[in-house]
Structures are given as structure tokens and as C-alpha cells.
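Below, chain A partners chain B and then partners chain C, in two separate complexes.
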Partner chain A sequence: MEITGEFAIPAPRERVWEALNDPEVLRQCIPGCESIEREADNVFNAAMRAKIGPVKARFTSVVTLTNLDPPNGYTIVGEGKGGPAGFGKGSADVTLEPQGDETTLRYRAELQVGGKLAQIGSRLVAGAARKIADDFFGKFQEVVGGETPPSA
Partner chain B sequence: MYSFNYRRVSSVDEAVAALGKAEDGKLMAGGMTLLPTMKQRLAQPSDLIDLSGVGALAGIKREGNRIVIGAMTRHADVADSAEVRSAIPALAHLAGRIGDPQVRNRGTIGGSIANADPAADYPAAVVGLGATVHTNQREIAGDDFFTGMFDTALEDGEIITAVSFPVPEKAAYVKFPNPASRYAVVGVMVARTGGGVRVAVTGAGPSVFRVPAMEAALAKSFSAAALDGITVAADDLNTDIHASAEYRAHLVGVMAARAVAAAG
Partner chain C sequence: MADTGIGAAVRRTEDLRFLTGKGRYTDDINRPGQLYAYILRSSVPHATIRSIDTAAAVAAPGVVAVYTGADMAGAGVNGLPCGWQVHSKDGEPMKEPAHPPLAVGKVRHVGDPVAVVIAESYAQAREAADAIALDLEELPAVADTRAASASGAPQLFDEVPGNLCYDWEIGDKAVNDAAFAKAAHVAKLDLVNNRLVPNAMEPRCYIGDYDPTRGEYTLYTSTQNPHVIRLLMGAFVLGIPENKLRVVGPDVGGGFGSKIYHYAEEAIVTWSAGQLGRAVKWTAERSESFMSDAHGRDHVTHVELALDADGVFLAMRVSTLANMGAYLSTFAPCVPTYLYATLLAGCYRTPTVYCNVKAVFTNTVPVDAYRGAGRPEATYLIERIVDVAADETGIDPAELRRRNFIPKDAFPYQTPVALVYDIGDYDQTLDAALAAIDYQGFEARRAEAAKRGRYRGIGISTYIEACGIAPSNVVGSLGARAGLYEAAQVRVHPTGSVSVYTGSHSHGQGHETTFAQLVSDTFGIPFESVEIVHGDTDKVLFGMGTYGSRSLAVGGTAIVKAMNKVIEKARKAAAHILEASEADVEFADGQFRVKGTDRAMSFGEVALAAYVPHKYPLDELEPGLDETAFYDPKNFTFPAGCHVAEVEIDPDTGVVTLVNFAAADDVGRVINPMIVEGQVHGGVAQGVGQALLESCVYDAQGQLVTGSYMDYCMPRADNLPPVSVSTHVTLCPHNDLGVKGCGEVGAIGSPPAVMNAVVDALSALGVKHVEMPATPQRVWQAIRDAKGAAAA
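Take a look at the complex of A and B:
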């Protein structure tokens, strides 16, 4: 299943690119993310708590950033294991395009779920995935757009 | 098997207190979604607070021009109620076609709308009939109750006590059920009331929604022909193994026309 979306972020592209690579920003934006740690340069371990309707499951996932093309975009690959609940994996191609002082962020994500999540949730997976993606990028828009660039 | 605390309460206040004390408590109405989810280990609440012993939450009564249904009223009781059948036959019809007999004899109206499954039937009635949701804290207009997929305006610790439906001039609910689950692939409630016409769609999108273009057309002429040429965009509709977004968009028109015809 494929989902796409587009967000206008009121920040310059360099700033958006930095934020996309900042684990702390990612932690704030990933819905239900409890912790995220850098394992290697572009590999992160994240613990998440997913809550969709009656379902409440803890996931541990590995997030890898590939196809890095600063500051134009990258591919974010995630694979999560939810114990008895099943697993989910997905990847999103993220591209950034400057629009004056703003940046247009576009994503094209592909998702797969397996295990019990897929068995009983198949009719809900697409909607849930869209909600998660929109929550993530919506929050990202808020976090990045509402912040002044850190004085490094 | 894993353990959890089971608590059967006898009042709403007791339920609120039990929920407040629990580490990760969950209210249970009929349990028709929650229990299968727990059996699959997709939810593991620390405490299950069973509302089925709260007698004050069950029952159906007529108050003036409204039918008031207690939150713990089972679907089968709504379907069989003489009061509902005479005042709002569309609502009795809807309740009688939820799930299967087992679900209808356990599942409740409050549980259904609190869960807010995108394919549940009752949301179409709450929005389509312009109902009011009563909780232990306030009254919420039906139009404001459902806020997204599995999302409602309910706050933590807020418990639905009843749903009150104004009696419409005429109304009908028609759904295209999934043949296995009887969930609505698309379900449409059409109602004509003193306040105008309402068209509410469930099953098609992430949450129940109204179709203003259809409502305007039906307000001018309440006939299936008035809906000719009015389409719903497929963009934000659901796609799954049962039906594509385009197919669902098409079904909205078909179900709406059938509902208008059925309402007469």
C-alpha cells in the first residue's frame, strides 16, 4: 500500500533538512515515540507505543536513513516489531523543495504489516497508516516551523 | 493467559473512581471489540471496568420529541423496541443489522460510538439524525462527537450515559455490508427533519461524514432523482482488500439514493 502527502513548512530548506536528521525532533514527531537512540550514523533505535482505537501495542523499531541527498531529501526506512501483535515495516521517500523562505515537504510511503495486526486489522491498516503519517508530518511542521534555528 | 483486574461496577461514579485508580484501565461496555482485541494481545489493560452492572445506563424512553437510549442498551433491544420502531424505524432497522445475533445481544450503543470504528453503523445514526451524546460531564452535539478514525470528543474519564435522537419527519439507513463481518463497506443515513435534510456516511472514510451537496439537493426535492450527478471525491476515502476508494465513492451515491427511496 502506498500513501503520499505534501506539507508546507515555514522554515528554510537547510533548517528542515537538519531537523529531519535530528533524533530529538524525530522523537517529538513520531506518534507515541517513547525514546529514540542513535545506534550508528544513520541508524536509530526507537521505542514506540501505538494506540489506534482498541489496539495498544509497544513496538521496538529500527529506523535507517538511506539515499541521503542533502538537502534535497532521503529515504527513511523503518521496521518495527510488536511482539505478539505482529510487525510493520515501511519506507518513505522524502523530498524537500525550497519555496522562497518556506519548504515544501513531499513524501511517498510504502507500508506492510504482518502478524495479528494484519490479520484482524487489514481493513484499517491504510487508514491507520495515513493517520500516523499525517500526525508525524503535521507535528514536524509545527516543531520545525515554530522554532527558531538553534544557535550552534 | 495474562492477568488483569476485573471490576464490575454498579454506578458511573464508581466506574470513574476505578478508572482513576487503575494504572492502565479500560472501560468495557459490551466488549465486542475490546475482548477480541485483548484475546489477540493487541491490548493488555491492567484493569477492565465492566459497565454492564450499571442499571441506570440501560433502557429506552421517549421524552417529548426525542428518543433517549441509555449508553448500555444492547443493539437487539434497540432493534426490538416498540418505541424506537414507531418513532424512528430507520434506527431500529440499523440496530437490527449490526454484526450478527451474538454481537447484537452483547454490543451497546455507547460502546459502539465510544470506539468510533470507521465502519460502525451507529455513527451514521448519531450524525445523520442530529443526535446529542450525553456524558457524565456534558452534552455533545452529534456533529462534534466524531473527530477522526477511532477518535471522539470524549476526554479521559468521560463516560457516555445516553444518546438522544430527535424524531425525524422521515429517515432511512441503507448499507452495503461486508458479507463476513456485516461492517458497513458504505452505509448512508438520510433524514428529513424540521431543521433540514441530513446525509451521513459511514464506512467510506476514516470517520463518519456528511455530504452537504446531497443535503442541499434533497432539501429542494426529497427524491432519489435529486441526487443524480452528485458525486463524492474518492481522495480521502478508505481503500482495503474489500473495496477501493473509488468503489466506495460510487457506493455512497448508490446507498444514498436507495436510502432516499426507502425513506419515501
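Take a look at the complex of A and C:
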């Protein structure tokens, strides 16, 4: 399935780009994130808890950043394993476009789930994924935008 | 005995314990020191196993052992056997790849067992499974039946090119083609018989136990056939001789075929118990059932029916792709061949039928027999193509059927697809069903519905099926690797009460009642004096189990044979005691009586004399009254009948409402009409489920996406109108009881009746076919497409 979204981040594009590559910012923004560590330049290991419909699980994920085009965007490729709950994997193309002092962030994500997640949660996955994305970027807006003084 | 004998609607004795929560199912059994197993299953449809690291799981709290496929194979455990070998049309045996209980080398479907964790509690086993590091290299997968046979499809097994298990045929193709060449009209149809998940109320559950002092294994299992499991698992998988392996199938909460088969988890818990010297229990979670119980149906078919100018059927040809799933389940290969294509003559005199079946492996749960097994698939395509022909020729569907019926004076009737039908009267059941539903008054009801803005349709299905698969030598020549007789032991106790040990396991069919009626009626003793014992290889001498509506026709007849032996022996004893010649002693109403006199002994008195043989012909007769019989039938039995459905469709939403349903069935002699009605009713509910609600769906990646009751829609009470059930008897001529079998007729007869009604309701719009299940979305789309086509 495919989900897309668009957010206005009240910060300049370079600041947004830095934040998108900062594990600490990501940790704060990923819902249910317990840890995120940089394993290599563009590879992160993350652990998060998520609940999708009746399936609750702790996912261990490997996230790789590819198609790096600073500061215009990148592609996030991730695979999360939730043990008996199954797995989710996908990729998201993220693009940043300056809008004056602000930045428009757009994403287009492809998502695939397997195991119990597919078996008993598939019809809930799109909604859950969208909520996770919205929560992430909402928080991201707050964290990144918060450092910019509000324009009077 | 009139109130409890043959023909009486006796309330089921087993219901007292079922309805009061006193049933004893496998999960209710706990053995001393019992451990619990959790099965780690593949969450991907197809992958190479690079490595399995179980060290962390072994070290987890409460864990006693973790085993993988390599461990079991290393210990000499074999793969699960297949009980039927089909040969392709070129004479080659089917491809029969190994089916290890735990995956070795590759996983081939979501749910494929990979490892077992055994711990002190189920929670600990489950938790520890999370710590198993399973490194899989994912491979492209194919779940769709058609796609699996296409060139370039992902291959499940190196040794099975094109995923083709077999390419089988029946019928003379040249004769068939010649008949088609003479046709005045040829009706054609492509259809799919949707994949179903059986969904027995009780999930599968197994306990393996081992007594090291005796070297004896016990398996408690939710099975339909304990002796078959003992044979398959003991002889083929684990190498345990019968005298060291007891299999107990206690109360079982529904099977519908899905509990016939020998499953991996049975072998896993039994073998593990032997390794650990402790009992090991495994109970399926509901979501595990969805991805590990054998599924049903899943055919893709093209059918053509040739007719002459008068609407007489000249020939039928059928081409079917059948989905076997990722491995061959116990009886999978015979379902789309000998239980399917041999029924393609239906109730009709079609002189030539040709059928080609290609069976393919896919990355899905194995498919095997499910209530009806092959016969619902055959009936669905026959009865749909007959309706297509009726529509295209303008002949009334009832009339077209009647015109082509095998007449009742034509039996025994040799069909062009191997079977010899023994007896039947198809006009009788057609007439009865049409009368029950008021076929004549239908157009008025259609017009009335139209005024309310509803499309109303009526659909007929005149079906035949084959039950009590037999005889053993014939099915053996067709590839069966087992005999298909049944065994019974009738033990008369000293005071005249009777225990019957039957190989026909009961898991919802009511055998404990029906068989007791049979015995009480035959011996002239109270119904309460009869106990029916089944489901334990240590108690019951042998048995082939319960499937294919065989219990009464085969298992019941075996009981009759054993009872006849009891009566003959008792007659000898009674003649001696009554000082009469044996020929002068008659047995009726529970009395051995010297003909024409008042000298008589009751059944109970003779029984006592046999066990206290003071005045007994010891020179000629052994004491005791305990007889066994094995019965191997001469032929199948052929229940047949007519189901008629009436539906209303809401054009705005596509919702189909089944408003009227009549079943008129010939299941032979009826022992308990209430149980027969219940069986037909339940079968109809399952058939309506297939027609309107149920469908097992895999996504394009091979993930099972209908794996819970959120997405897999089971029939509920409010999906069914009151169902009119009537029975119309022709007696089966080749068994003592004249019985045929009633367990599957509902699921066989009803889907085409419902679908013919759906298409009939939409036919004015130009709709020619709707696939099962006729969900609101599908029906709405059909209406929309038809209206769009009409407007264009």
C-alpha cells in the first residue's frame, strides 16, 4: 500500500535536513521509539513499540538512508521485525522544498506487512501507518520548528 | 422401541455434556509434568533458511528444549506422508516433495513451522520463541492458482518443474470432441471455486506423552480418525510400532475434514515427549488455525456443455487448475481427481465427459478435503453450466434438468466417468423441492419484489454425490494407500447391556445416538442399555475414521455385521437351552422364540447364559458374546437431491439476502430424522457461507490477509432464512441398512442453488455469472457493469 503526506515545517530547509539526519531528533519524533543508534553513516538501528489493531509488538528495525540529495531529500528504507507479530517493511521518498522561511516536507511511502500483522491487521495497517507518520511529522514540526523563534 | 428405534427423532445423548460444558476435549486433558510447545512459524511465504540460532531461546526462562527441522531430521524423523498417489495422463506418478514436520532448507508458506520451543508454560515458550534468530533469504512467492502454473512463476521445489504436481485426465477425449462437433449449442463458462478456511470451533490441540518404563507413546489429538493417525505417524513419520503407540481422539469440536489429516504438530509433540520423557501439549491459537489447518476448494475451471437442438446434453468438457498449497496434505491429490471428476456426470445422462486436472503447488497453506471434498466443486460447475445453457436456450432450468435426468428405471447406471450409480429418483426430489418453495408462484414474488425496488431470483441445484468411498481394492487401484473399510466390535455384557466399539469417530455427527438407536432396535433392548465407544486405539480394535459421509453407510453397516454375528451365536445358544433346533428359533423384539410356541428367552437371558455357561452348548460354542466385523462396501453410496434458493438483491448496495431455501434430499433410509435435518441444515449454512460470505485471500506477495474473523466472514444465524428440509428415500441396495450418508449434502447442493438465484436475479440486466462469494461489493459491481454495458 502507498501513503503520502505533506507538512509545513516552520524552519529553513537546511535546518530541516540536519534534523532529518539527527538520530536524537528522530528518537524524539518516532512514536514509541525506545532507542535509535547510528550503525554506519546512513544506517540506523531502532527499537520501537507499536500497536496495530489487536497486534502489539516491539519492533527492531534497520533503517537505511539512500538517494541522499542534501538538502532536497532522501529515501528511507526500513524493515522492522516484530517477532511473532510479523514484520513491516517499506520505503519513503522524502522531499524538502523551501517556502520562504519555512519548508514543505512531502513523503510518499510504500509499505508491506507480513505474518500476523498481515493476517489480522492488514486492513488496519494503512490507517495505523498514516497515524504513525502523522505523529512523527507532527512531533517533528514541533521539535524542529520550536527552535525557530515564532515570527511576530 | 418405537420412540428410540430406527426412524425415531431421538434427542442426541451427547448434547447433555456438550451443552452443559462437560465435554472433554483434548485441551481439557492435562498430563502430570506436562510441558507446553510453541511453534515458531514463517511470516514470509517463501524463503531459504540461511540459519536458525536458538541459543538465546534455549537459555530463556522456563525453556526445556528448542528443536528445529534439522534436529528432527537428524534424529531420523521422516516427512509427513501423503495417502493417495495420483498418476498423470502420461503414466508418471505425481510429484511428491518431502514435507518435513519442521521446515528444512526452505519455508514455503506463511505459517510453515520452523522451530518448536518447549517450556514449563505456554507463555514462556512463546516469549522465548521471540529470541530465536531466524535468518531468511526471501524468495519471490506465488499464491494464486493460475499464476503458479504460468511460465516464469516462482518455483517451490527444484524437483517440481512448473510447480506441477500432476496433469491428470479422465474420459475419452476423441469421443468427447466428436460429440461436441455435433452440438447445436455449446454453453461455456469460466469459474473459480473459492478457497475456504474450515474453521472448526475447537482449534487443533495435541498432547504427546511418553512412558519410558514401557517405551510407550500416547497422543491425545483432536482428530477424526485416531487409527489412521496412529498408522501414518507411527509407521511413516516416527517409526513407532502400533503396540507402543496409543492414539486418543476424545471429544472433538468439529472437523469438516480438516481434522482427518496427519499434521506436523502431532508428530512434533509426540517425538518431543519421547526426547524429554515428559508430556508436551500444543494448542493452536485461532490465528494459527487460519494459517495451518488444511484449507478447502481453490479451483479455477473452464467448462463447456454441448446440447442438441432439443436441449439434450451431448457432452461436457472441463479443464481445472487445482491448488494443492505448499505441500501435499494427507488426501489432497484425490480431492480434485477421484472425488471430483468422477462426479461430473451429475444427475444427467450426458454420454461423454472429459476432464483434465492440473494440480499446482503454491506458497499457501496446504489444501485438502473440506466438507464435500471435490463434490461441491463438481456440483457447482455442473449446476452453473446447466443454468447458463438454460438461459442461452430459453428452456426453463427445471425443465432442462428434468429432460436430462437419468430416469429412475435406468439404475444401476454406468456414467462415462467411472462410477456406477446404484439407485436414485431425481424427479422425486426436484418435484418436492419445487413444491416446497412454490416454484410456480415465483414470478409473482419477483414482480412484488420489483415493486419494492429489489431484484429477486430463484436458483435450482440438482446434485448427486458419492459417499462411503469404496471398495478398497478399487480405490487401491486408483492410488489410495489405505483400505476404506470400517471395523466394529459389539460386546454384549453378561446382564445384556451392550458396548459397541466403532472406528467411526464422532465429532458433531451424533453417532452415539444414531448407532445406539440401531443397536437398541436390532437387539430389542432399551436405548439406555447401549454404549457407543469410539476415539481410542486402545479400546477400539481398528477404524478408518469419519469423513466423506461414511459413518452410517460403512461404520454403521460394520456394526450391523457384528450384531448379526452376535444374533447367530445367541440363536445357537438359545436353541440349546430351549431344546429346539436352531432353524426353529426366531429372533424378534428382543426375544429368541421357538417358532409357533410360547417358549422364549430374552436377549438378556441368552447373554447371561453365554457368560455363566452352566446350561450351554460348550462342546460346540465358546462362552461369551462379543463379536467383531470388518465391512468393506461393494460400491459408493449416492445421495442426491435438489436444493432451491431464492434471493433478493438490493440494487443500491449489492447486498444479497437469502429469503427462502428448500432442500429435498435422498440420503437413503433415515435412522434419526432430527440428526439428518441438523446435518443438512449445518451443511446448507456452510454452503451459503461459501456462496455469499467466505473467501480466503492471499495478497500479491503471498501474505494471508484473511487470517481472522475481521476479514474472513463466517455465516451467522441472521444470514439464513428458515430452511425447509425434506427427505425422500430410495434404499441403497448394497448395504444392510439401505443408507447413503447425509453429512455433506448441504454443503454440496446449496452453493450452486444460491449462485443460480443470484445470477437469475440479475439476468434481466444481462449479468451472466457472478463469482463466489457474492459479496455486496462484487454484486454491486456486476450491476454497475451491466448497466454501463447496457447504456453504452
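Everything below uses one rule, namely that the second predicted complex is superposed on the first by the 144 of 152 C-alpha atoms of A that agree within 3 Å, B and C clash if a C-alpha of one lies under 4 Å from a C-alpha of the other, contacts with A are read in each partner's own complex, and residues count from 1 in each chain.
Please note the rule applied: a contact is a pair of C-beta atoms (placed from the backbone, for glycine too) under 8 Å apart; a residue touches a chain by one contact, two chains touch by 3 or more.
Keep in mind the model is a prediction, meaning the values are calculated, not measured.
**Student:** See if chain A has more residues touched by chain B or by chain C, and give me that chain.
**Tutor:** B
**Student:** Between chain B and chain C, whom does A:Ala11 touch in the aligned arrangement: first, second, both, or neither?
**Tutor:** So A:Ala11 meets neither chain B nor chain C here.
**Student:** May I ask you to decide whether A:Pro84 touches chain B, chain C, both, or neither, giving the answer as first, second, both or neither?
**Tutor:** Once the two structures are laid over each other on A, A:Pro84 reaches both partners.
**Student:** Now for A:Lys116: first (chain B), second (chain C), both, or neither, which partner does it touch?
**Tutor:** After superposing on A, A:Lys116 lies in contact with both chain B and chain C.
**Student:** First (chain B), second (chain C), both or neither: which does A:Gly127 touch?
**Tutor:** first
**Student:** So, does A:Val143 touch the first partner chain B, the second partner chain C, both, or neither?
**Tutor:** neither
**Student:** Show which residues of chain A both chain B and chain C reach, each in its own complex.
**Tutor:** Shared contact residues on chain A (touching chain B in one complex, chain C in the other): 53-54, 83-84, 116, 119-120, 122-123.
**Student:** Which stretch or stretches of chain A touch chain B in the complex?
**Tutor:** Counting only chain A, the residues touching chain B are 1, 52-57, 83-85, 116-117, 119-128, 130-131.
**Student:** Over in the complex, which chain C residues touch chain A? Could you list them?
**Tutor:** Of all residues in chain C, those touching chain A are 40, 43-44, 110, 126, 129-130, 287, 290-291, 699, 701, 703-705, 707-708, 710-711.
**Student:** What part of chain B is in contact with chain A in the complex they form?
**Tutor:** Chain B reaches chain A through residues 33-34, 36-37, 40-45, 115-119, 148-150, 178, 183, 206, 238-242.
**Student:** In their complex, what parts of chain A are in touch with chain C?
**Tutor:** 53-54, 83-84, 86-87, 112-116, 118-120, 122-123
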